[in-house]
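Once you scroll down, you'll see the structures, which are given as structure tokens.
The following pair of complexes shares a single chain, chain A, combined with chain B in the former and chain C in the latter.
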Partner chain A sequence: MTVVIGVDIGNSTTEACVAVIQDDGKVEFLGGALAPTSGVKGTPDNVKGVVEVIRQNLRTACRDLTDVGLVLINEATPVISGLAMETITETIITESTMIGHNPDTPGGVGLGVGTTVRFRELPECAAGTRVVCVVTSEVDFADAAAGINIATRRGVDVQGAVVQRDDANLIANRLDHPIPIVDEITLIEKIPINMSSAVEVAPPGHSIRTLSNSFGIATIFNLDADQTRIVSYVARALVGNRSAVVVRTPHGDIEDRVIPAGTIELSGDTGKLHVGIDAGASEIMAALRRVQPLHDASGEPGTQVGGMLARVRDTMADLTGEDRVEVRIRDVLAVDTFVPQEVKGGLAGEFALENAVALAAMVRTNKGPMRALAQRLTEALDVEIRIGGVEADMAVLGGLTTPGTDRPMAVLDLGGGSTDAALATRDGKVRSVHVAGAGDLVTKLIDSELGIDNLEVAEEIKKHPLAKVESFFHIRLEDGTVSFYDSPLPASIYARVVALTENGLVPVPTRHNIEKVRQVRREAKRRVFVVNAVRALEQVAPQGNLRLIDFVVVLGGSALDFEISDMIAEELAKYGMVCGTGNVRGQAGPRSAVATGLVAAHVQRIRG
Partner chain B sequence: MPREAAVTSTSADSRGGARRPVVVLYHHPDLRSTQALRAVSAGLEEEGVLYEIREMADPRALVMRAAELAHLAASESPLGVGVALAADGSAAVQTAKMDPGFPILQTQARTEDRLSTLREMGHDAARIVKGLPLKSAAKTTGPINHLLHRKDM
Partner chain C sequence: MTDSSVSTPVTLSSERSLALIECGNASIGRRNDEVVIGISPAFGNFFTKTITGVPHVDVLRELLAGIEEQGIQARVVRLSSSSDLAVIAQTAARLSGSGIGVGILSRGTTMIHQKDLARLSNLELFPQSPLIDLEMFRSIGRNAAQYAKGEFPVPVPPGNDYMARPRWQAKAALLHLKEMEFIKPGTQPVELKVEISARQMSARPVVTP
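Here is the complex of A and B:
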């Protein structure tokens, strides 16, 4: 009888499983354990994590280190991945021409057109002039209303107002004649005075009609075709707002600049291809398919993509200690995305949705350090360490312990950095592939598309269902069910969208509603995991034909996700595959496949 | 002259008659600062929620702290939301269904930029009615984890 431990060192977690092998070759598994991986996988830094996980596992299995005859580690997948995201468009307003923001409570309704005038200069306006009044924060709302009323009675045609404080309704309620008022203009002092301008506030439940229409703006300001072309960017940026202000300055200019995004050069087996990043993700992925397998990718120097790939290369060189010219990018996943970015030159913190491309890149690493790691582990544990097999083969063996599976079977390992696929054919051969892009990219997409700027929160949104806090005592989950609480919920999360985590409710820092947040979350997962599942399986399937695979077992940390496996299963069902989340050893779920596979492979070897 | 969205009334005529959907704003009779009352009601008005200002005349209520007074106001509000300004200038926001001792929001008498805090309380009382995230909560950024007992239905 010997006690063996299979240890799988992954990108983010190290997993172990303890087994007792009887002399007759029967195996009894004594459970598994997991701990965070210390350092970059496949390097001697991993020792700490491995020792930790083994200790933990032996404790739960009630065994001692001295009982252990053999520790099996895997030949770690020699890939690591990096991420980069870059906006390729940029909205810049020079000489401030537009204010398009959605204060919670604009005042009045309608469209007002006139010359901008400071509130304190209102008494100097001649009767009959059409003006838009600019009210700064030191003016009290009652004084502002009184001043506008006096001016109106004198015959000044006050058409609208822009207000620095959150006072729009307070002023509107005190006017003899209601006018549209837009408030919460933070940088009001930057509004050019004595220029023609337009203020529009839509009725509740509507969005503005005139200022979001290029020809509407052209009509107001008598623009010719060329000027209208320039102003179309303003109109586009204002679509969907409940209120807006547009000021026309003589040299006013708004630019929707396309940043030189550059081209990416993909060199593979069948030659080299250049693709412009601005062609979009689908073009890049199509080009990649034509040159596959990829030998290296590089970006045009001095452009966004050049910078992105150089950064990935630098990070990889740092992590692996290799020379950066030796780093070869072996796969990329391009995803179209958009990033809400503050408009340069805006006056009220306006945001514009800029187009962006996210790239996940994967590099192959040197296999050398594995021996060094085994050596260090032997010293640390004083137990025989053996490199038990290649990760993909082991994952298949572990995956096959899932009840109801048989060859030809593919495993999909959904990790943090890469998505791996391996196919076990009937004759026992295993083909495997690693593609770039997995859980980390999903987190990044959620983070940037919702403008959260906090990866920890984005991670919570990725992993958990959402809910809306509907009262101090109940929340409504995204599927419509309601949960009640015994004690009142804190005011800070009242009416907010929250993620339902094990540790309680984590508020999502966004003004988006729950449906929008949910849509962003699911789309991010679909664009990374569903796309990668198909892409990876195509590369291992016989003749690239997905219909020739019978079973697909989904494994890895991201397989624990509450919806990713279902999304993949739904897609793969189209190809007639039976796809589901793995249940390693009939009990460990999608975890511990490689560790289990290591033990299984060892047993096969002793049995001969 | 100002066509206010709000109704200012004495407690006598407001108790009877049709119950309009108002947030009730109670204040102590000794309350000197009309500025404070104005700030709270401006917040409510800007959010477009109707409110009613009532002077607390009941001698038993005169000793109440802002928290309890706010609960009393909430219990008289058809919307179930009340605001109170106590004699010392402290203020609180509460809903009818909550424990009187634990107001949703409260502020001490002497704080810097007191008027803007009171204005914000007016906004937030209205936002509770409207089911919108509170203005005061916008300052709390990042994850706040609350361990709570949950009962699923």
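Here is the complex of A and C:
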């Protein structure tokens, strides 16, 4: 009888499982454990994590280190991955032609067109002139309303108002004749005076119709075709707003500038291809498919993408201690995304959603350090260490312990840094592939698209379903159901969007509503995991034909996610595959497949 | 540049006057688009300004403006039975159709409360009365109204000044003792009609930026 431990060192977690092998070859598993991986996987830094996980596992299995005859570690797949994200467009307003921000509470409803006039100059306006009143923060709301009422009674046609403070409704409620009012214009002194302008406020729940339409603006300001072409950027930037102000200045302009994003060079088996980053993610991925397998990727120096890939390369060189010339990027995943950014030259802190591209790159590293790691582990534990086998083969063996599976079977290992696929054919051969992009990229996308700027919070959003706290005694879950509480919820989460974590309800620090957060979360997962599942399986499937795979077992930390496996299963069902989350040893769920596979492979070897 | 451009309006407060007309015992509101402001026993009658001299008429006007800007209704009630801010704010919340109430003491200490919360809990508390200016009272009104709408406003930063305590504690204690003299134990909250006299346009100073 011997006690063996299988240890799987992953990108983010190290997993172990203890088994007793009887002399007749019967195996009894005594449970598993997991701990965070220390250092980059496959390097001697891992020792700390491995020792920790073995200690933990032996404690739960009620065994002692001296009982252990053998520790099996995997030939860690020498791939690590990096991320980069870069915006490729920016919106700049030169002179103040438009105020496209969305104050929470604009006042009045409708469209007003007139010349801009300062509030204190309103008494000097002649009767019959059409004006838009500019109210700065020194003016009290009651005085502003009174002043506008006096002017209107005198016959001045006050068509609308723009206000610096959050006063729009307060003024509108005090007017004899309601006019559209846009407020919270922080830099109001920059609004040009004596220029023709238009103010539009849509009813609640609607968005503006005239100022978001190029021909609407052209009609108001009598523009010719060339001018309309210029103004189309303004209109586009205002789409979807509830309120807007457009001021026509002689030289005003708004640019939607494309930052020189550069091209990415993909060199592979079938040659080299250059793709512009601004062509978008689908073009990049199509080019990648044409040159596959990829040997290296590089960006045009001096451009955004050049910087991105250089950063990935530098990080990898730092982590592995290799020369940065030696670092080869073996796969990339490009994802279209958007980043909310403040508009340059805006008057009210307007934000525009700028296009961005996120790139996950995967680097193959030198295999050398594994021996060094085994050596160091032997010293630390004083137990025989054996490098048990290739990670992908082990994952398949572990995956096959899931009840109801059989060869030919594919496993999808959804990790933090990379998505791996392996296919075991009926004759026992295993083909495997690693593609870039997994859980970390999803976290990054959620973080930037919601503008959270805190990866830990983004991670919570990724992992848990959402709810809205509607009162101190009930919450509405994202699927619309309600759950009630007997004792009041804490005041800190009242009325907030929360994530349903193991540690209770955690508030999500965002102003977005629950539907928006949910949509961003699911979309990020779809663009990374569903895309990668198909991409990886295509590379291992016989003749690249997904219909020739019968079973797909989803494994890895990200397979524990509450929706990713379902999203993948839904997509793969189109190809007639049976796809589901693995249940290693019939009990460990999608975790611990490689560790279990190591033990299983060892048993196969001793049985001969 | 930004700082000066969004300053508080030039209001010569003495020009406005406040009339609080009692109209019977306050009842529980039926409409859920309202916020109830509860004021302490001596607010706006014996006392007319906060600890730092901000006139009560302007305090109430800004709270009401913050609520109105959000499209929410406001009611004002006076509690004469207690000068405890938690009691005042919680009572206001329980009278409010939306369950959201604001409590305020004569010296300016303010709290946003919700009817289901324990008395000593709160949604937002502004404990250092000397730090609350009119801009903040407007924001407190705005946030209370947003809670009533089921939105989740960013809490108003309550401010913290370590010198506030040594500098103002004695005065705060005196104001509190004085306010306690106006407590009439066992009385019901009273509904108030708020009349804020408009300033005379002619008397308005010419505002030059």
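Keep in mind that, in the parts below, the second predicted complex is superposed on the first by the 594 of 608 C-alpha atoms of A that agree within 3 Å, B and C clash if a C-alpha of one lies under 4 Å from a C-alpha of the other, contacts with A are read in each partner's own complex, and residues count from 1 in each chain.
Here is the rule we go by: contacts are C-beta pairs under 8 Å (C-beta built on N, C-alpha and C of every residue); 3 or more make two chains touch, one makes a residue touch a chain.
These numbers come from a predicted model, not from an experiment.
**Q** Using the superposition on chain A described above, determine whether A:123 touches chain B (first), chain C (second), both, or neither.
**A** Neither partner.
**Q** Contacts for A:491 in the overlay, against chain B (first) and chain C (second): which applies, first, second, both or neither?
**A** A:491 sits against chain B and chain C alike.
**Q** Given the touch rule stated above, what does A:105 touch, chain B (first), chain C (second), both, or neither?
**A** both
**Q** What is the contact status of A:187 with respect to chain B (first) and chain C (second): first, second, both, or neither?
**A** The second partner, chain C, only.
**Q** Which of the two partners, first being chain B and second being chain C, lies in contact with A:404: first, second, both, or neither?
**A** neither
**Q** Scan A:137 for contacts with chain B and chain C and give back first, second, both or neither.
**A** The second partner, chain C, only.
**Q** A:503 in the overlay: touching chain B, chain C, both, or neither? Say first, second, both or neither.
**A** first
**Q** Determine, under the contact definition given at the top, whether A:167 touches first (chain B), second (chain C), both, or neither.
**A** both
**Q** Please identify the positions on chain A that touch both chain B and chain C, taking each partner from its own complex.
**A** In chain A, residues 104-105, 141-142, 166-170, 173, 470, 472-473, 488, 491, 494-496 are touched by chain B and also by chain C.
**Q** Inside the complex, what are the residues of chain B that reach chain A?
**A** So the residues of chain B touching chain A come out as 1-5, 42, 45-48, 95, 97-99, 102, 104-105, 123-124, 127-128, 131-134, 136-137, 140-153.
**Q** So in the complex, the part of chain A that touches chain B is made up of which residues?
**A** Its residues touching chain B are 104-105, 141-142, 145, 166-170, 173-174, 454, 456-457, 460, 470, 472-473, 481-496, 501, 503-507, 509.
**Q** Residue numbers of chain A touching chain C in their complex, please.
**A** Within the complex, chain A contacts chain C at residues 104-105, 120, 136-143, 146, 150, 164-170, 173, 186-189, 470-473, 488, 491, 494-497, 511.
**Q** State the interface residues of chain C toward chain A in the complex, per the touch definition above.
**A** Where chain C meets chain A, its residues are 2, 5-11, 65, 68-71, 99, 114, 116-118, 121-123, 138, 142, 147, 150-152, 154, 198-199, 201, 204, 207, 209.
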